[in-house]
Amino acid sequence: MSLACGIDVGGTKIAGGVVDEDGTIVEELRVESPATDANAIEEAIAGLVTELRSRHEIVSVGVGAAGYVDKARAVVLFAPNVAWRNEDLKGELEKRCELPVVIENDANAAAWGEFAFGAGHDAEDLLLVTVGTGVGGGLVLDGEVYRGANGVGAEIGHMRVVPNGILCGCGKHGCFEQYASGSALVREARSLAMSGAMIAQGMLERAGGDLSKITGPLITDAAQHGDEGARQQLAELGRWLGEGIASLTEILDPGVVVIGGGVSEAEDLLLEPTRTAFAGQLVGRGFRPIPEIRKARLGNKAGLIGAADLSRR
Amino acid sequence: MSLACGIDVGGTKIAGGVVDEDGTIVEELRVESPATDANAIEEAIAGLVTELRSRHEIVSVGVGAAGYVDKARAVVLFAPNVAWRNEDLKGELEKRCELPVVIENDANAAAWGEFAFGAGHDAEDLLLVTVGTGVGGGLVLDGEVYRGANGVGAEIGHMRVVPNGILCGCGKHGCFEQYASGSALVREARSLAMSGAMIAQGMLERAGGDLSKITGPLITDAAQHGDEGARQQLAELGRWLGEGIASLTEILDPGVVVIGGGVSEAEDLLLEPTRTAFAGQLVGRGFRPIPEIRKARLGNKAGLIGAADLSRR
Amino acid sequence: MSLACGIDVGGTKIAGGVVDEDGTIVEELRVESPATDANAIEEAIAGLVTELRSRHEIVSVGVGAAGYVDKARAVVLFAPNVAWRNEDLKGELEKRCELPVVIENDANAAAWGEFAFGAGHDAEDLLLVTVGTGVGGGLVLDGEVYRGANGVGAEIGHMRVVPNGILCGCGKHGCFEQYASGSALVREARSLAMSGAMIAQGMLERAGGDLSKITGPLITDAAQHGDEGARQQLAELGRWLGEGIASLTEILDPGVVVIGGGVSEAEDLLLEPTRTAFAGQLVGRGFRPIPEIRKARLGNKAGLIGAADLSRR
Amino acid sequence: MSLACGIDVGGTKIAGGVVDEDGTIVEELRVESPATDANAIEEAIAGLVTELRSRHEIVSVGVGAAGYVDKARAVVLFAPNVAWRNEDLKGELEKRCELPVVIENDANAAAWGEFAFGAGHDAEDLLLVTVGTGVGGGLVLDGEVYRGANGVGAEIGHMRVVPNGILCGCGKHGCFEQYASGSALVREARSLAMSGAMIAQGMLERAGGDLSKITGPLITDAAQHGDEGARQQLAELGRWLGEGIASLTEILDPGVVVIGGGVSEAEDLLLEPTRTAFAGQLVGRGFRPIPEIRKARLGNKAGLIGAADLSRR
């Protein structure tokens, strides 16, 4: 059975894993990420590969990284968290590892992971929407990752949903991820708590009165224990999410939509409002197939698994 | 040289044309459209094909129709202007014409026409945005028409761009086509003229004081003759168009964007503001290839030519 | 006890009533309104006054009319439904009736009625928000009707709440009354029913399947009988209303806010969502007095009673 | 001739001035503000009064302070920059100074200053809109400062102009001051420059390449020297300002609107776009008096002069 190595380059950690043909992680290692030093990151990746290879017969390496990757799956055009600018990461790593390497956008890799082994295993296509710090996206269609003309598509988090809306880190106003991400969830919950609103008192108490301790997991946990304020916040997030997915469905026509990222742990507290808002905003209901909205299954391993699997195809 | 027949089913006319392998229309016929009677439309299409076939060696028929067409390019799921609901149009026409038939969404057909023979002839992919009564879209990628999971994608006119915005005929609020279509252009110009604003007096005079005579062609003509009010209206339309195309580019990553539809006749009076707004709203400028925005070349023949050509592939 | 005559000039009826110093209507008459003929309306008003005067000792006449009335309470600058343009209505009616006459904007008159005898009888000031076909407003402050510099203030229905929003009859986009009026309620409910949404089926059934029979009273009635779709529509209206009143409170700082107009008959099904949204949008909660939001008490008699009472002050 | 003392409590300085009946400042002093210590500020104010009084016959003291002041002009309910919460500032200062004291909201005081001695000296009423760090407002009507029911009105900067818009320091989204203040001007110009847009290069060069040196005065200066990017930024600010003033005019019906605050130094580069946008958004043009939009005249002395003058009335 063929084994591939998947690498997930995060902001603070680099994870490396050996993935079999069923998408199972046979072994996984993690190291700290020397985030700002491009060369050191490449060393660290090569180190992980070397160590894993000492114990497993690895045929190829797939790297998932946040940022723009070119269509040849070789060059990182731009990475927001690492000093890669037009970096031939494939070339550098193949020199160091002496194995075939492919570079993938992390959300694309995760979409493939969910498609091949997770929530979309029974589907022919899938739009993955990751709801975490930002909103990421990846599309698998007719059994292939959608790459657009230049490899930089599916950046759904920067679709503008509110003209003159909230200022985004990208410099634009009103990007989708300012309304439908975990950061948006936390920002709104803290703002509500700061205003002294009664409905936010439950969350504030759980945070020991410290606004900065109101986090995504805390809100989800509160909601799961019945806190009405936390439930409202998740429902509001779900509304934005569903309305945005409706626009994406008009454009992309996916067969299945999978919601991943940390906030998806809130399960139906997030997904039910998402589905309701989605259904209410989709044109042509009754005359078109309506994509199902599902929760992702592979959690934060989707990118690593997907990158590994893509590398051996 | 292989000849194909292209059919364009419009709201008031049905056009049929014989198209050669260079995309040239060898002969074209038009008949009135019996719009509300599905059977009569099929008869009319078959009549056009029969007549054209009496003079040309035709190998296949491609039909472009507004509405949802299934992925097999056979069944019209829903057409806004014709009484087709889950209509096996391919089957009906093949019975009548005894030729291979494919059915295409009209904007997809037009996108293919521009890709194969028009503004995108030198490109590997293309997003067509038609600015007419509504806003339509078609995407060609890696030499194929993008069909999504169900054949109903690229309905870019119903991407929501303003929450709680202008009510659309589809029942949603704030759809892109309420801001970036020819209908939007006319609505805003009339509203301005009705308010008595000085800047609209030029347009109103050209219309002989009759608001209902302020039309897209009149506005374009006024702008081309230097009318400042008309230029502002086109620039405002271009702003919405460019901002919407920026969102579409984040999602679809097209290599070239082609603007078609009646309003594109305004040329750079529309396209320059579109380009400026587009550039100002695109994330990652400087680190990603930026798609060029071009005017369509085939005018209202794009759909007929594209449908014909798609039928023989 | 001094009696005054109040006149309410509506779109289809003209009502005249004799009002005592307690705000009680001693006698009331109604005639059809010859709406488009300014002279005929003045005749009709004079006729009502003459008849009422034949049975009561009337000291003055107050007329409430939709439109702009000058600060001297004499000249109708503009009326949307009647052909009055810079009409010296006070002069015309005093000639005909030989009694002192004052002209008031209808919402101002209603605000005074509620202030003097209705929901604000115990308050020193009051902002009336009427939720009917449109959204009207009237402000009483320090025991006086707020008249602004020119008599045309408190047109709160045309505060813009959504840039590029729904087109208003006034020619602007996104006016408050496009979101918070009874017309908005009906428009949204019909749009939902037309889309085939399950949640709207209850309303549609009550309307016998006829969209045009979904009206404000039907929605209110359905909501009062527990229809979830109708309740949601009223809650959504309440949300817009409350958020708009928050903006108005930042600007006007009223002591009490009274909600009138036909939709206010929905009572707490409208007012509770209004209060919640209002509280959530008001700056400086905890450090400022928060105005109470109450239902109006005088129903559609508020304007007639208020106009009469203002005429004798 | 009666002399009054005016005090302007700013974030970093406290200014005290002796003002005669013509609004002329006879003498002015400034001290550092011990901003966070309420008691120390009161000491500092008393010190200024004592010193000025040693050289002038002062009859009363007027204090202008940012924040909510009660209707009796005595108690500071809340001040954003000073630790006053329900502080009887009038009582404290009268004890210390042994002179009659009134407390005014700073924008109200400035509105009165402009009304009595500045841009509104020939008007019967006036709405002052200050465009500085935030957007403040003050209304003078029928020769009186508008105080609302509780003294906390005219907080026009927190009228919501964009639902789900930019997050405001107050905790709400989409407040007017997030679009029409000097802070908004600077935020947008920096964001544009950061994006690498050519149009912002002129401003960036003037700032020596340092984004943080792009300030309101720099933008104004660049615009006055013909920089197109700076002019566009001021025009965009003017558009928001004019559209917001249109909403305010529907509600308040002012006779004259005066634009003050630091950004008003841009003169017609700001005011012309403001006037154009205002005219385009006002309902009922042609049938109602249209308020004139003027620049303020007293600069940053308006509050001090106004507070002094109000104290002797």
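First chain written, first letter: the chains are A, B, C and D, and each begins at residue 1.
Just so it is clear, a residue touches a chain if its C-beta (ideal position, glycine included) is under 8 Å from a C-beta of that chain, and two chains touch if they have at least 3 such contacts.
Just so you know, these numbers come straight off a predicted model, no measurement behind them.
Farthest chain from subunit B, judged by C-alpha centroids: D.
Repeating the B-C interface with over half of its contact pairs identical by residue number, the matching pair from A-D, B-D or C-D is A-D. Mean C-alpha positions place subunit A and subunit D at a centre distance of 46 Å. Taking each chain's centre as the mean of its C-alpha atoms, subunit A lies 51 Å from subunit C. Between the CA-based centres of subunit A and subunit B the separation comes to 34 Å, rounded to the whole angstrom.
For subunit B, residues that reach two or more other chains under the stated contact definition are 162-164, 171, 195. Those residues of subunit C that touch subunit B in the complex are listed here as 162-167, 171, 173, 179, 187, 191-192, 194-195.
Residues 68, 77-78, 85, 124-125, 137, 141, 147-156, 158-163, 170-172, 175, 243, 246-248, 250-256, 281, 283-284, 287-289, 291 of subunit B are the ones touching subunit A in the complex. Those residues of subunit C that touch subunit A in the complex are listed here as 163-164, 192, 195-197, 279-280, 285-286.
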